[in-house]
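Each of the next two complexes has subunit A plus one more chain, namely subunit B in the first and subunit C in the second.
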Partner chain A sequence: MKHIIIYFLTTLTLYAQYPDGNVLLEKIDRNMISRNKIIISRMIIHGRRASRTIESKSWIQGSEKSFTEYLSPAREKGTKMLKLDDELWTYSPSADRSIRISGHMLRQSVMGSDLSYEDMMEDPKMQNLYSAGVIGEDTLLNRSCWILELQAKVPDVAYHSRKIWVDKTRYNILKEERFAKSGKLLKTTDILEIMQADDRWVAKRIIFKDALKQGRGTEFILESIEFDAHIPDYIFSKAALRK
Partner chain B sequence: MLAIKLAFKNLIGAGLRTWLNAFVLSIAYVVIIWHSGILEGWNRQARRDMIDWQIGGGEVWQKNYDPYDPFTLTDAHAPVPEKFQEQIKAGKLTPILVTSGSFYPEGRIQSVLLKGIDPQQSILKLPAGSLQKDNEAIPAMIGTRMAKNNRLKEGDYVTIRWRDALGTFDAAEIKIARIFKTSVPAVDNGQIWLPLDQLQNMLQMPGEATYLILEPGQNPIKISGWQHQGYDVLLAEMDEIIRRKSIGGTILYTIMLLLAMLAIFDTQVFAIFRRQKEIGTDIALGMTRGQVIGLFTVEGAVHGILAAVMAAIYGIPLLSMQAVHGMAMPEGMDDYGLAGAERIFPVYSTALIIGTVILVMITTTIVSYLPSLKIAKMKPTDAIRGKLQ
Partner chain C sequence: MIRFIIKGLIRDRHRSLFPMITVTMGVALTVVAHCWVNGIIGDFIDYNARYATGHAKVVTRAYAENLDQSPNDLALLDVDQWMDTLSHRYPDLDWVARIKFGGILDAPDSLGETRAQGPAFGFGINLLSKNSREIERMGIRDGLIRGRLPQDSGEVLISESFARRLEVSPGDTVTLLGATMYGAMSVHNFRISGTVTFGVKLLDRGALIADIKEIRKALDMENAAGELLGIAKDHHYDDDQMNQIKSDFNRHFSESQDEFSPVMLSLAEQNDLASMLEYIQSMVTIMIFVFVLAMCIVLWNAGLIGGLRRYGEIGVRLAIGENKGHLYRAMILESASIGFFGSILGTIAGLGIAWYLQTYGINIGDLMENATMMMPNTFRAGITPPAYFIGIIPGLIATVLGTSLSGIGIYRRQTASLFKELEA
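Let's look at the complex of A and B:
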């Protein structure tokens, strides 16, 4: 009995040292979400035999609107993607057609990467989807971080639970694991490099990986990011896809 | 009768020329019967196998289900109506639940259809009984094509990933409990069969199905939201393929028949030219022109009879041997998703044989009649004198 009481007291003391997970989640969202941003990035898709690099420019407004244009390679140049709330449109210059990606097609991989259209469509405000609890501490990239366990609080979420490593002072995510309902690890995100943009800290080099699949995953390199930039309204229109 | 007797005498007298014509025509007989027999054999075998392995006595689809559009699968499920339960309990109807997922053989990702089937069902030949509860992993069965393509064997474990009814990802290990061999690729390629109740739990769709399969001979109960599909729909694709193959075969027969008819036509023209004196004498002795035309037409048509006899002499042993041993089908046929066994056993029906004989006889008679019309224009006196006309 004495041992049990000691165990509970120790556990309670430990948890008492941890901050509230949901408060941390709010801080993470605040760090990640801005009024708008313009991003230039490279995506390196590592295949079995070779790797492909796709360069793109994205205009993002809040969590509802985003517009991406692929800049290279020549094969993908001019391909555009428009997200308006829960609708996703793609434009292919070779076919000169805009297609709405919906239903089952949202589950397809984007350009053969380890990311699906749905991953891109997901509400970036994690506090809308998950409730969080801090379960430990760790050190990643020489930064001290909290380990948060996220449990879905809405039924129609793609990943039932997640585990994220969050910088204790900068509140940016340094590592993430996404789990199936059964608890099986499905996807991992490893941040290899971070950078400061204005007063925020963002991931510069990220590796996304389907944990069930062999391979080196998909590397995402942030070339530049501009927060609260001026983005004209016409960018987030279907007409902009054909321009 | 006289005309037939004379025709036989003349033909036998013509020697090698007659037998060459008859031989070419006999090939046409054998090829037509062989090709039609193969198609009929394939058709019957494929229909039988599809009924045994895939469609039973027909299917009842949930209203959103379209087997040709995988995007419909997300919404193509509903609780099995109460009215079906009696037939299900009696083993006359079996529910199937279908969803799309991914599986990871050797660390590769592949799209797959996950299909739930009742392990107790006996309507289809699928060995669903092998899907017995396993505490370690979900038991699964796959076809030999799927096993070969993914280098899987019985007892192997592989990870599958799917989404439940609300779209949340889930993943688990399955154990390949059974690899079955079937001639119907539609139940094999890209499919994993799981116990129905387990798939219903995995998808959070208790008591739901995508479609139901009827036992042959059973009539479906009409229920709104569920549509009965009979053989006219389920076998339409197979029927269409056979129809197209038949058209391809007809071109082959036409070429064969044209060659044979060309030889007979040529022979007739030559015979009329050479036997002008005989024609003139026949008319002078009292035969009407019609009777002489009849004699020559019968002579040509008798080629068809001789060819039939000749075809029977070598064709019956050849075709019978193939009916017993069958014909090996090309390996790549599975890639087209067509039902077809490794060997096709041709079926030669009486109607096919009689039909072919009638077709060849009519064609031969017409081809023999056309050159004989020239006789009607001949002057018998000139013909007796041997004057060329």
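Let's look at the complex of A and C:
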């Protein structure tokens, strides 16, 4: 009996030390989401045969609108993508066509990477999709972090649950695992490098890995990020795709 | 003796009519079942060979592991060189390069934006070479519904039902949204030259066919192909021959350590066809066995009834000194004659029904709306030489076996009590 009481008290004490997961999620969202931002990035896709590097520039407004233009290599140069709420459009200069990506196509890989269009379309504000609980602590990149377990609270999410490692003081994600409803691991994200931009901490080098695919994953390198920049409204229009 | 027996059978219809009808029906069913299953297996192999598997197929080892996904990022390179090697080394097969691909086919509105789209499954085949037999092999000419065959590399054929769904017609431009061999996004415009129906639900749902050169351009697959298909020049699949060719090729050209090294697969090794064919064959054997067994039981019964009816006749024949063995043999000879003639009649009837099923077939397309296998919409019987005699064996066995069982009663009759039995 004495042992049981000690066990319960220890467990309660341990849980009492953990912060509220949903409060942490709010802090993560606050760190990640800005009014708008302009990103220049490089994506190195490690295929089974060869690796390819794709450079792009993205204009992002809140969580609803984004516009990406691919800068290189030559085959992809000029290809553009526009996200307007729940619509995703792509423009190809070689075909001179604006095509809506919908249905099962959203599950396809973006440019052969380990990311899907569905990943791009997902609401970046995690509070809207998940409820969280802290399940432990860990140390990654010499930073102390909380381990959070996220459970979907809305039905139409791409990943039923997630496990994220969050820096205890900077509130940026350092590692992530995404799971299907069956519990099967679908994707992993490992942050290799962090940088400070204005008063925020953002991931500079990330490895995305589709757990269902062979290969060495996709490396994402953030070249530059500008928060609260001036973005003209016409950028987020279908007309901008053809410009 | 035989003449005597036959005369007896003709004059006494009670003795022959029921067994004859039973044998005729049983044999007819056996012949129809044999032709039907043969036709289905034949069509199944033929459609798979022509559209999907070839009689043999060369792919990379990595591609072979995910064969059902047609992963073009794992396609075979230096295709021209491999085609030369295969054509010289295995001249009994016609070798063709194909690219199977998936994607979205998008139809634009007047502003060039998406009006309608749907998932597409496509083939890049040698459409434009003068000596290519791909158009005939895939039944494209016969299946053409609207428009014409492609004459230019930028032209494409799409399935009729897919065209109607997208509300596009010959002359319209559609865009294929897919992935290149290196994983990049591919957006390529095609002009529809015509619409086709393949007679295979899986393809009719959303297939498109274009020249392999244009598909290589669209999917960034210079001198590459997903699959090299070998199809026997006599169109006959011989599993032993294909296994020999396969073993020879893999021994000489395939390296187990290199995932991009080529590997040859026979038709039976793909799409679980071997186990399916084995299953169908065993079902046929079981079916014929059940027919024979059922006929034996029916004829045994008929023999017993006949024996009772002919109780007096057999008694008289024994009483006047006919040997029991002779009588037993005579009855077996009698039943063999019934079996023989019944089998001939049954074979004729069975072949007639099989011919009808071979000519007109049974359309099961509506039942295969969600089929994922390469199967024709119309199943037909196939009359092969064994169909002319396959029914005679069970027909004869059943009658003879039936009479042998019922005729044992002859040996139980006691000569001493025969006259008492006859007087009664």
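In this text, the second predicted complex is superposed on the first by the 242 of 243 C-alpha atoms of A that agree within 3 Å, B and C clash if a C-alpha of one lies under 4 Å from a C-alpha of the other, contacts with A are read in each partner's own complex, and residues count from 1 in each chain.
Convention: a contact is a pair of C-beta atoms (placed from the backbone, for glycine too) under 8 Å apart; a residue touches a chain by one contact, two chains touch by 3 or more.
Keep in mind that this is a model prediction, so the values were computed, not measured.
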Quick one: subunit B and subunit C on subunit A, clash or fit?
clash
Touch test for A:V23: subunit B only (first), subunit C only (second), both, or neither?
neither
So, does A:L141 touch the first partner subunit B, the second partner subunit C, both, or neither?
neither
Touching A:A180 in the superposition: subunit B (first), subunit C (second), both, neither?
first
Scan A:R97 for contacts with subunit B and subunit C and give back first, second, both or neither.
second
When the two structures are overlaid on chain A, which partner does A:A229 contact: first (subunit B), second (subunit C), both, or neither?
neither
Looking at subunit A, does subunit B or subunit C touch a larger number of its residues?
C
When the two complexes are fitted on chain A, the stretch of subunit B hitting subunit C, from 27-35, 261-269, 297-305 or 333-341:
333-341
Subunit A residues contacted in one complex by subunit B, in the other by subunit C:
103-105
List the residues on subunit A that touch subunit C in their complex, please.
45, 47-50, 52, 75-76, 79, 89-90, 92, 94-105, 108-113, 238
Going by the contact rule at the top, pick out the subunit C residues touching subunit A in the complex.
62, 73-74, 104, 106, 108, 111-114, 117, 119, 175, 177, 179-180, 182-185, 187-189, 220, 259-260
Interface with subunit A, subunit B side, in the complex: residues 70-71, 73-74, 100, 102, 104, 106-109, 159, 161, 163-164, 166-172
Touching residues (chain side subunit A, partner subunit B) in the complex
103-105, 107, 152, 155-160, 178, 180-182, 184, 186, 210, 212-215
